[in-house]
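See structure below.
Order as written gives the chain letters A, B and C; numbering starts at 1 within each chain.
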Amino acid sequence: MRSEQFQVDTSHRTVVDLTDRVAAFLAAQDEGLVNVFVPHATAGLAVVETGSDSDDDLVDALRRLLPRDDRYLHRHGSAGHGADHLVPALMSPSLNVPVQQGRLLLGTWQRIVLVDLNADNPRRSVRLSLLSG
Amino acid sequence: MRSEQFQVDTSHRTVVDLTDRVAAFLAAQDEGLVNVFVPHATAGLAVVETGSDSDDDLVDALRRLLPRDDRYLHRHGSAGHGADHLVPALMSPSLNVPVQQGRLLLGTWQRIVLVDLNADNPRRSVRLSLLSG
Amino acid sequence: MRSEQFQVDTSHRTVVDLTDRVAAFLAAQDEGLVNVFVPHATAGLAVVETGSDSDDDLVDALRRLLPRDDRYLHRHGSAGHGADHLVPALMSPSLNVPVQQGRLLLGTWQRIVLVDLNADNPRRSVRLSLLSG
């Protein structure tokens, strides 16, 4: 299985578009599924439109669904950090996208994003793995 | 990788059962994972029971969790359309189901459904890909 | 495709750590993706930290997002059981984790868990399938 791991800096962004990086991992004849995996307990992945404010809407929705207050039993780091640990339950850190002839078969407006509300850890790893079909 | 794309008309349904279509894609000796992928930024997939009102409960829950009002920065199309763009963040457009001897290994009450609250686009594509094990 | 099914007793736990069981399924040279699949309509899977109260926070969040009251059209079994049927829509019953040299490529704090709020059915099946890369 071909695989690769790279780092993402999330200090200035909570929604990071990974699509170009995933596309660059693929070789011309690749066919199968590419698995994107984030080995962190406070980040998730999604396929959403970016560049038209939906990424900000997503952050707002997550803050509403998982309020950053003191309701959580898990407490350490920044205020409301317990909420960060629930993000991967709603947005899985594992995502598969079909690949044909070296291209991601995403729809026109679909982008692969990392979602990370956790300000305490700005260095994130992302692992890509190609499962040949 | 064997793959196939088909169209679904969602003009009269927000939860569309795809199970029979996915099952029909499989050949007798298939073994591996079937990936179901929806190349749209405002639809998601789920594995839920259908035909016993849980599909309507799901639509109600999504409308409650992602209210269709004017809170969203992303605005075009129908009122509340910004919410549609968050559906795939909570319900991924990519889903894998194990396959053995040409059969989906779903539980008795599990069905594969497309969830689409977006009334602006009633024509949806679904891609099926078989990863042999 | 190598696969295996085992039973989990959820009578005393709503979040069950499956990680050791999944790791034990792998052989030394395995490389690819392991698919974890729960063939039940009222349970889901997640990758979260356990043992530091986030599992209890997750149960609280699910009870808040999917209240256990009489709002659901789907009614049978225990009070609020309609909510159980929506859990797999937010937390998919299918999960893939990359594997290299027989080891799950999870992050330090990531654990694979079964989430099951349904008190009516304490016997759950979990299926593991290895897709070689």
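Keep this in mind: a contact is a pair of C-beta atoms (placed from the backbone, for glycine too) under 8 Å apart; a residue touches a chain by one contact, two chains touch by 3 or more.
None of these values were measured; they are calculated from a predicted model.
*Asks:* Just say which it is for the chain contacts: an open line, a closed ring, a star, complete, or other.
*Replies:* complete
*Asks:* With over half of the numbers shared counting as same, classify the chain B/chain C interface as same or different.
*Replies:* different
*Asks:* What's the rotation angle, in degrees and to the nearest 5, for a C-alpha fit of chain A onto chain B?
*Replies:* 120
*Asks:* Distance-wise, how many Å sit between the C-alpha centres of chain B and chain C, to the nearest whole number?
*Replies:* That pair's centroid distance is 20 Å.
*Asks:* Among all residues of chain A, which ones touch two or more of the remaining chains?
*Replies:* Within chain A, residues 33, 65, 90, 92, 96, 131-132 contact more than one other chain.
*Asks:* Report the residues of chain A in contact with chain C in the complex, numbered from low to high.
*Replies:* 1-3, 33, 35, 37-41, 65-66, 71-74, 82, 85-86, 88-90, 92-94, 96, 125, 127, 129-132
*Asks:* Please output the residues of chain B touching chain C within their complex, sorted ascending.
*Replies:* 31-33, 46-49, 52-54, 56-58, 60-61, 65, 90-92, 95-98, 100, 105-110, 115, 131-133
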